[in-house]
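Two complexes, one shared chain (chain A), two partners (chain B, chain C).
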Partner chain A sequence: MQLKRKASTSIGASLAAATAGLLGQSPGRAIAQELAPWEYDTAILLYSESDNRVRDVSLNLDARKEVREEAFLNLKLAIDTLTGASPSGAAPANTVQTFTTPSGGSTFDIAAGEQVLDPSFLDTRTALAANYDFPLGRFTRFDLGLSLSDEYDYSHSGVNMKLDRDFDNRNTTFTFGLALANDSIDPVGGAPIGLAPMTATGGNKQGDQSKDVTDILLGVTQVLNRHSLVQFNVSLSESDGYQTDPYKILSVVDPVTGNPVIAPPLNGLPYLYRYENRPDTRDKQSIYGLYKRDIGGNVFDVSYRYMTDDWDVDSHTIDLHYRWNLESGSYLQPHLRFYSQTAAGFYHSVLFNGTPLPDFASADYRLSEFDGLTLGIKFGRETRRGEMSGRLEIYQQTGSASPGSQVGSLQSFDLNPGLEAIIAQFSYKFGG
Partner chain B sequence: MASPCEVHLGGIGRREAEGILEIVHAEAMRIETKFSRYREGNVVDCINRSDGYHITVDDETARLLDYASSLWTLSEGRFDITSGVLRRAWTFDGSDNLPDSDKVERLLGRVGWQRVDWQRPTLCMQPGMEIDFGGIGKEYAVDRAAELVRGEVESCLINFGGDLLALGPPPAVEHGSTGWTVGIESLAGGTAVKRISLTEGALATSGDARRFVLRGGHRYGHILDARTGWPVDNAPRSVTVLASTCTQAGMLSTLAMLMGAEAESFLEAQGARYWCLR
Partner chain C sequence: MRKGKGLLALLAVGALGAAAAGCSGLGVQPWDRDVLARDDMQLVSDPVEAALDEHIYFSKEASSGGQGFGGGGCGCN
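Moving on, here comes the complex of A and B:
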């Protein structure tokens, strides 16, 4: 009992005074926090396109643990639920148009003058990734990973590795990355035969498909001074196999009137549409540069990416962030992004009747010439156990139809109307 | 310091870093040379050989003696810089060798700050008594070295054998943490059971993870209560304390060990941030 009473006596103040006397200084601050065995980063993200087009609700969970000194295990789980309607590639017309659903089980009508959206779009995607990031000696880090994802008609499996090597007192870091993936595509109703006519019963289709993707990255990060750094990357990507979107079609129109062409009677549909067809390889090269600078405790970064591929798509991306640190561990981060790309060589808003069929053709707006602008703001706040943040962004895309496609009645329609989307995200990082 | 010492620096060039390392190294060596009980001819050696004569000490030694005196009072005699002679009875090597209680009793006759006549700047100690600053010196050296380089560098961690102090956070915020990541070693050694992100201030650890006597299933840790000459019962295996100075952190962890089963409630009462392993 005596000991207990004594034990609870506070001698801290007397001890602090004695220590200050010894060291001849008044006590400063002590700031430390216990790191939890696991660090979690969770997020819910909503991506919503205007006019009831694609809506993606995405749940993300990242977990990270230091399993031995300086070696980290990262696990990621992402679940995406996609709903809404997506443009099928067919052009609007002055008349009611009838299309077949991907399964071939039914047809649906699109009113005259309306953009052609495929309404039966619903999918859930689950993705898992695991990475182990560990040191190899004092100046090298190695990261090995596996990735898997699965959705109704698509599955992915991949392996990746990354090597970082520091030089020059860690002011220079060279990075080499390699990723190999195998994707298999098992489209609803089968993969269509390229450029074959769409039929009312979902004919002209065959079995599942696959592709292999190899990505290689070479990069260097250079610390310029205590306030800034630059990074340069060169990446190569080679995709071999099925690249076509099995749900995308093209309208076949009269080259003078622009009106849809009547389908052969056996098709079962009033007008003629053809499934798109893309080359079975795609090679991309890109260069990337980043400049990051500390400005009085706030952080500014700007990056530029140039990508070119053998489909004739060239793109430029400029991305800017400014992290403005407010008092008490909060920050505001505006974000601005410009994106611009040229159209793929085989992008056609429509196919003309009577003209020999090209080898490849797609009316997918993602392969068109378009510009995208993203404007966003993020607000983050430290919490006792981590950080929470909210992000709101708007995205606007404006596209162009393929040259010479707006003939006759098509002149009154926008063959590449672009889109607007809103992105809202809430994240919570914490240890546990 | 009889243990690995390291300094982590960031945000400065090689030449500046080497200058700071030199300052820290020189200060560590100075304190080691001046206060180690294993070195002949230094002030501790002179005091221990004084054979009952009065010794007048310099200001720094006087401040350390004042501090030791305060600790003796605050700990109600549990902490005592004259208790080093008890090591002649105890060998903490993981064996089951307990000392003969008569021997401990005899040695206790040469222990006790109350027997020392300390009138700053003069000390007079009975023949056969010894002092040592082993329980204070390492943490004191960390604080002294830090004081010499404070203001010279924004990112600095000084680590003398696990007692450490941070002057500002590391240069690059890595892996989502804002401070220097410090691991508390598990009782078995090797792996970190807790990880602490230290931005500013000091962490010091007292423990007996590998120094103990095991007899009849009872574990006798190497922390001796100067009043009894015997190890403190039910002391934690390791206590790590956060404080603004390494000396303060070290003394809180040492005093907590001396409180035995009451270590945690003692630290709670001091309002200290601490991590105990039992």
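Moving on, here comes the complex of A and C:
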């Protein structure tokens, strides 16, 4: 008897929910339902470049809670510990080279023929973000957010908002997003004066710097059919302020022999190097498209992004995943990503002695012409309380030196040797 | 400026495409959303992994953003 009564209550609840659904109401209104509990998404990531270059260990926690009906609070915490050596921008030479550490407190030597890596790279970054995502009427969602991050020499604060509006039975969604950020940079030893010579005592530097970044995103998502959807976005980004990397330099070489040029007296270093200098504005525009499809219970997605900016960087990115859902809630997901960019107009592998200094110059490999390739595999499985997953990926960059830079002795060196890195991540989701 | 106009044109084409899609019988009825409602069919199915990748590629390449905002907020070397 009792069993029967329970069953009928359950059927009654289902019917009420179904009726509410048909009437376009949330079932939560028909039946007093509890708000969804906290859900946690945790991850530890190791990013490690070969040749003892940059290594990042990143700890991440995302927590999400329904605080009002259909309104969610999202909190994020990330802590990154960075160690290793970073390319300074200076070119290899057929002689021992001596450089000053950013603080100006000491110098270090690089052997003949070796890539110039600054070994003093060490930082911890803490980032916090909070977002509140809530409905405005039946067809609109609003997301308001704050972001903060802090490093030894860099701090960031930002606000962001996103509006999603559904049309056509929620098959079409228009998105508008806006993000504003203010970053301040307090480089170790001060921000160098652009293109000034590096000195043994860390001279030619000035105080703190800052920049403002505005991002705007317009997008549309369209459901195609029961198994597939597309997303299309246009983004604009404007940065205004200090964009130079205060730790990057360029070698000054003889235009015929390619050998480093002797520094002027009182400089304190044997050879001449100049601090890089970038424009103080940058406008970026991109278009992005995503196609996602269910194929017999598995999921295929492919995305493409084209980005262009007023530094003359154009890039193409293609990203592919195939999620192969196995029995018993496990999945295997291969990942392939292709990236290709042109060099910034002011990218120079070296500066030539005796020619007028350009207004802007950088030998940062990230502004060079290069191709990137990522290959990865991820395995995930359901657990009693959520999901755990692990992924392993390799990332490789293959770059080119700036045209005409490999003169004389520089012909025997690779001025843009690229990089290889491993990305390993373990994630655990629980709660909810 | 030339590039800005090109992008606006693309946006206009995209908006027209979407508007046309809205009228052309694309999409599904609410009771046919079982597949699209799955976690692995969401636009961003693993937000933490997406954010980590955005951070890595922002730090190592001259491009960022696209699907969402451009990441950033770091002096990444």
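General observations
Methods note: the second predicted complex is superposed on the first by the 395 of 432 C-alpha atoms of A that agree within 3 Å, B and C clash if a C-alpha of one lies under 4 Å from a C-alpha of the other, contacts with A are read in each partner's own complex, and residues count from 1 in each chain.
Note that a residue touches a chain if its C-beta (ideal position, glycine included) is under 8 Å from a C-beta of that chain, and two chains touch if they have at least 3 such contacts.
Fair warning: this is a prediction, and the values are worked out from it, not measured in the lab.
Once the two complexes are laid over each other on the shared chain, residue contacts for A:240 go to neither chain B nor chain C. In the overlay built on the shared chain, the residue A:169 is in contact with chain B and with chain C.
Once chain A of one complex is fitted onto chain A of the other, the partner contacts of A:226 extend to both chain B and chain C.
In the superposed pair of complexes, A:33 makes contact with chain B only, with no contact to chain C. By the touch criterion defined above, A:308 reaches chain C but does not reach chain B. Of the two partner chains, chain B is the only one that A:72 touches; chain C does not reach it. By the document's definition of touching, of the two partners only chain C reaches A:154; chain B does not. When the two complexes are overlaid on their common chain A, residue A:280 makes contact with neither chain B nor chain C.
Between chain B and chain C, the partner in contact with more residues of chain A is C. Of the residues of chain A, those at positions 21, 169, 226 touch chain B in one of the two structures and chain C in the other. By the touch rule above, chain A contacts chain C in their complex via residues 21, 41-43, 45, 47, 54, 58, 60, 62, 76, 78, 82, 86, 121, 123, 125, 127, 147, 149, 151, 153-154, 156, 158, 160, 167-172, 174, 177, 179, 181, 183, 185, 213, 215, 217-218, 220-227, 229, 231-237, 245, 247, 284-288, 290, 292, 294, 299, 303, 305, 307-311, 313, 315, 317, 323, 325, 331, 339, 341, 344, 366-367, 372, 389, 391, 395, 397, 419, 421, 423, 425, 427. Residues 3-4, 7, 10-11, 14-15, 17-18, 21-22, 26-30, 32-36, 38, 40-41, 43, 45-49, 51-52, 55-57, 60-70, 72-75, 77 of chain C touch chain A in their complex. Those residues of chain B that touch chain A in the shared complex are 11, 14, 63-64, 66-67, 70-71, 74, 76, 140, 143-144, 147, 171, 175-177, 179, 181, 183, 191-192, 194-203, 242-245, 247-248, 251-252, 255, 259, 262, 265-266, 268-273, 275.
Chain contact summary for the complex, chain A toward chain B: residues 3-4, 6-12, 14-16, 18-19, 21-25, 27-35, 37, 39, 64, 66, 68-69, 72, 169, 226, 429.
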